[in-house]
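In the two complexes that follow, chain A is the common piece, with chain B as its partner first and chain C second.
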Partner chain A sequence: MAAWVKGNAADKDAAVDAAATLLATAHTPVFAGLSAELAAIRAAYRLADRIGASLDPVAGDGLYAELGTIATGGALTTTAPETLGRADTVLVIGNRPWDGDLVAEIAKSKPVRGRAAGEERSVLSLGGPANGASRHVAYGVGNASLDVAIGHLRAFVRGNLAGEDAFGDLAKRLAAAKFGVVLFDAGEIGDAGTEMLLGLLKDLAETTRFFALPLADPFQGRAVTQLSAWTTGQAPRVGFGRHLPEHDPWCFDSDRQVAAGEVDAALWLSSLPSPRPNWLGSLPTVAIVGEGSADARPETAEIVITVGVPGSSIGGSVWNERRGVIGYVPASGQATADTAADVIADIAKKIEQKGASC
Partner chain B sequence: MSILTLRSEPPERIDLLNITPLALSSLSHGDAAKLPVGTSRRGLTLGDVFAIKLDGSDSLVIEGGSSRLDRVGAALSEGTMRVEGDVGQRLGEGMAGGHLTVTGSAGPFAATGATGGTITIEGNAGDHAGGAVYAAKAGLDGATLIINGSAGDGLGDRMRRGIILVQKAGARAGQRMIAGTIVAGAVGDEPGYGMRRGTIVAGSHGALLPTFAETGTPDLVFLRLLARSLGPLGYKNLELLNGPMRRYSGDLATIGKGELFTPVG
Partner chain C sequence: MLIRIQGGRVVDPTDGRDAVGDVWIENGRIVAPSERTPDRTVDATGCVVMAGGVEVHSHIAGGNVVMSRLLLPDLYVSESAPNGHPFAHAGGSGSWVGANYAKMGYTTAVEPALPPSNALATHLELADIPLLDRGALAVLGNDDHLLQILRDGEGKNAVRDLVAHTLSHARGLGVKCINAGGASAFKDGVLKLSLDDEIPVYGLSTRKIMTALLDAVEEIGVPHPLHVHCNNLGLPGADDSFVATLDAAEGRRIHFAHAQFYAYGAVDKENPLTGGFRSAAERITEAMEAHPNATFDVGQVVFGQTVTISLDILRQFAGRKGANPKKWVLTAGDAEGGGVVPFLYKPRGGVSSLQWAIGLELMLLSKDPERTILTTDHPNGGVFTEYPRIIHLLMSREEREKEIATLPAVVGERSSLPTIEREYSLSEIAQLTRSGPAKLLGLTDRGHLRVGAKADVAVYRDSPDRTAMFSRAKLVLKDGETIVEDGEITTWRFGRTLELDVEADAAIVRRSEAYLQDRFGQGLDSFAVPDAAFPETENFEDVACRA
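And now, the complex of A and B:
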């Protein structure tokens, strides 16, 4: 394990002690990133509770685009295996779903069970790439944003607009599906677009079966959401300043907090790769980062502590997008590194020894 | 008239939920000073943040505002509150009655969930004024919100009842509106995205959604009655309700029972 304090190499104990001093004296600390294995995220919530910090995962904006809609109106969702096994019609919204392998896998296969078993699968795209390696029918959105295009399509599906244009054709294809799935990223289409899309699926579900397959963010946001829910009863952006978890997505948006000068110290947890916050150099920060990562260097923050990377140098529980659950990944070799959970627990212990008033 | 005078810019966000004339009227100066209002482990109290002068009346003035003062007037049910300066988020959240005035500007989610009374912002309002907070079923829910300056994006997002009067609003005014009325001198792009019912009257507007259909220029008594009912509120743009108006119906992506009126020509 490597560690640095104010740019100088330090041993683990010295770095943990410096981190404890920084966090214990802060009045309004924030814990950001939270791109890590579940044990580390759990330790971060415990420490935040202990010292009155607020938490904000790096996946926050995308998470809340979906969470707000689900909390308000619910969702009809499915999983990737169900999509591969049953869907005869798959609508891919925007560009983000094309980044992974799932669309190609969907395009190459046929439904094997359910009402559409053995039939050809139709892959449709709205606002995505017109050309690509995968076989699909692309519908452009012109200059419209994705959420406006989704609303426009929904007006055709509901029969409030009619005509022979592209959205009329797409609406007919969707209505003809036996088991349809819409693949999308809530962060890409936004909060209002997600609500419009889930409303579209409810409209389609009046006459056929249609489900949402929202993509998970790549930064453990879904694992954070589950852990936050069973730990605090709330979604991830919570603050413990008043010794109870208070949920407020606007108030505890770490970028906003830092920009408004409301934060006096930070802990950035990123044992798995995630984008650095823009404010990292402007605030006294403890950075707990994966060993060997680009951020494992003394300039990253005032205090930098490197830890094991789940699935590589340590084992840990992380989000499994394919299955849509939290699952354990073993270390790829002999587990040797300190874990982020142990480091955070050590910081908490040191803060307790210092007798900080919390 | 009771007076709270801000001692200095607060070091953290201050939560003024439950700081109302009614709540303070039964408290001694010492008890009022002990009310917790801080949101961090500093444990700030009302007396730490404000110099307090109480007279037991139904009128409260906050002298010296700050964008860190959250939920000002949130529990107001009667009486008057006046803030001489700015306020933070959720001004008048869930307010049930009375009069709440801010001479400066307000942060996001002003008047969210307010069911009664009148909220006046003499400066500007942030995003989602009269709009719903996370997971809430409704934004403005029966109160009257008057914004004499500009409002940000998402004005009246998911509002269910009540009236919003504003000089100028940003994009997507009336987004996901359930019902109610917005009258604006101007609104930005894509007003009424996802609106189900309700009325938006706008002197001018940005780009319209493809899911709003023009339904002609009806001469509606409703608009003249609306102008008459709004007269006592002192709104500056009422003349726009008296001229011929073009009506659009939408959002056709939903049940499409909302309407947007804008002057002909």
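And now, the complex of A and C:
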């Protein structure tokens, strides 16, 4: 591993010691990023509990739109393999789902399980790029935002609106599905769109089987959410300032907290790639970053410690997007690097030795 | 270290013990009384000494439990924790689960729903439950691979090999089937399913799937019998499903999950779904007496707000209409998925009062408490921390009468509870919560206090207030180490996750790999639960198959 303290190369002990001092003397520390293997996230939760920090995964807008909708209305979901295996009707909403390979895979295959097995699959899009890359029937949204368009479509599905409108046709196609799936990115359609879509799915479920397949964020947000839920009973974002877990996505938004001058130190955990927060250079920060990454350099933060990267220099449990579960990826070669979990545990131990009161 | 627990009333029904005496412990095991001077003597005068409690069916980990927390962030209250008690006061967390079981004197708990498609996350969550030994039951009965093998009539050995491999790869302790075929049928448009109804596409029935699993479990020698969640949970007339399923077992060992939810006889046999229900506890009890091969856990209902968590997506989908508050989650997963539906058992409500009465009736009518395990199907019937109150009701007719007096008349009109005089003895409570569940899980090293048992021991201050007595144990030892004193956790340690030691046939491994690659684009590795995923501890402990 490599480490730097205030731009100077340091050995691991010195860097851990400096990190412990920085975090132990902070009044309101924040842990951000959390784009890492589960063991490291777990260690971060334990250290946050110990020193009263708050935690804010980088996972972003989609995660909170989804979590907000679950808490207010619930969810009606399926998996990517079930979509590929069973769906006779797939509705793709917005632009973001077209970025990955899944839509093309859906468009070029047929259902093989269940009552639609062997039938053609109908791929529909709402407000998509309509670039003709994959076989599908496109429905535009005009000047409407996606949430408004989903609401409009829902009115047709409910029978509140009727007619030869394109949305009337789309609503009929959805209602005729044997196993339908809506593919979307909650961050793109927003809180209102996600809630409206849940309503649409619940309406469709009255007469047929229809489920959502929300795309996962690429920064371990879903793995963080699971661990957070079983560790604290709450989804992220979570704060431990009062020595009990408090779930508050607004209050513990690290960007907001930093901008408001509410925090005086940070730990940025990113053993897997994630976008750098813009406050990294200005707020006293311990950056725990993947070795060999672009951030593995002295300028990244006040204290920088490099660690193993799951799936290459270490093994670890990470989000498996295709399967929609946490899966274990072994090291690709001989595992040698220090793990982020060990480094965080060492920092915790050092803080304990220093007898920091909190 | 030699420990002597001295002068307590030692209750161990497996040894015919219910008298004042001593329990000796050394190196984490119960040992014979010793001539040597003990290193530690616990004065248990005025106390009751039992083996640690064993939980067979409590939803304490897995994707649906996680989802229940996201759906109902306010269901459990979090409190500020003293230093050194990481997350134990975080309501509904894994630490909270471990701490609250331990305070009641429980030392082992089994999660009944381990989906093979999400085994790693379930085990990671279980591993974060402190203090207890844990285990989980691998769920089978709706996955396409198994249903294909059954549809194609490949025979018993093919089924056995797939079950053995799934169980071993998911690292389960036993096998459970949940409305077998129901999730598959639901995805194909079916909304009601009984034992012999056809599962679309496969031409199978619940009976065919379940009996194949019953055979496989026997062939493999899984100590825990097939854990069965029947069709038609919670519907008037569900008693027919229970009895038909029991008959279908044809003498093979079978465990029924949360029997209370099936002890509902239809009032109007012509219109079962609209005429309401009456207790079928007597019918279920008679059927159980005629079938010594069967066991059940109760699934007692507790008044108040809770959330129902089940892989029975067919029934959970129907249950969405009763969601309170009005929100719910349904996941059409890679086999079952799951349904999470909040529910309020209305205090003094007619339906909930009858459900409450039926659960108690089942336990009080039972001639064999060892085959009648205490559960609330946590959190489906209510939270497991209500066990002490339920024990109190079982042990005191007076306490029951007080409660019944506050409830609507339907309790007496549609159940026999008010006429039952029986009061459970401490020995019978030990059968219901210790020896019964341990035997059922095939865990011969616990649930009793005979020489050689694990030193999992609970000491309670004897009191007519059984609720208080069983809520906060005076002392709890896990593997001989003190974890609770005076109802508070004193040592944070971790138990093990119990897994069945079962070998998989090489041919089925190759076949599963090919099947999974084709369906998921990923193979067995993506379903694996490797030791390396638990870097801090040695997480697993083997349990042997039946000889």
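In the analysis below, the second predicted complex is superposed on the first by the 356 of 358 C-alpha atoms of A that agree within 3 Å, B and C clash if a C-alpha of one lies under 4 Å from a C-alpha of the other, contacts with A are read in each partner's own complex, and residues count from 1 in each chain.
Keep in mind that, in the parts below, contacts are C-beta pairs under 8 Å (C-beta built on N, C-alpha and C of every residue); 3 or more make two chains touch, one makes a residue touch a chain.
From a predicted model like this one, the values you see are computed outputs, not experimental measurements.
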item	value
Which superposed partner A:W250 touches (first chain B, second chain C, both, neither)	first
Partner chain in contact with A:T208 - chain B first, chain C second, else both or neither	second
Which superposed partner A:T225 touches (first chain B, second chain C, both, neither)	second
Partner chain(s) touched by A:E195 [first = chain B, second = chain C, both, neither]	first
Partner chain(s) touched by A:T28 [first = chain B, second = chain C, both, neither]	first
Which superposed partner A:L76 touches (first chain B, second chain C, both, neither)	second
Which superposed partner A:A117 touches (first chain B, second chain C, both, neither)	second
First (chain B), second (chain C), both or neither touched by A:N160	first
Partner chain(s) touched by A:R242 [first = chain B, second = chain C, both, neither]	both
Touch count on chain A, higher of chain B and chain C	C
Chain B and chain C contact sites that coincide on chain A, given as residue numbers	67, 71-72, 235, 242-243, 246-247
Touching residues on chain B, where the partner in the complex is chain A	11-13, 36, 38-42, 67-68, 70, 89, 108-109, 132-137, 172, 175-176, 190, 193-194, 209-211, 251-254, 256
Complex interface listing, chain A residues touching chain B	27-28, 51-52, 64, 67-68, 71-72, 144, 147-148, 150-152, 154-155, 158, 160-161, 192, 195-196, 199-200, 235, 239, 241-243, 246-251, 260, 262, 357-358
Chain A - residues contacting chain C, complex	38-39, 42, 46, 49-50, 67, 70-79, 81-82, 85-86, 113-115, 117, 178-179, 205, 208-209, 211, 225-227, 229-235, 242-247, 315-317, 320, 322-323, 325-328, 330, 339, 341
Chain C - residues contacting chain A, complex	61, 63, 65-67, 69-73, 76, 78-81, 86-87, 89-96, 117-118, 120-121, 124-125, 128, 144, 184, 186-189, 200-201, 317, 327-334, 337, 340, 519-522, 525-530, 532-533, 535-536
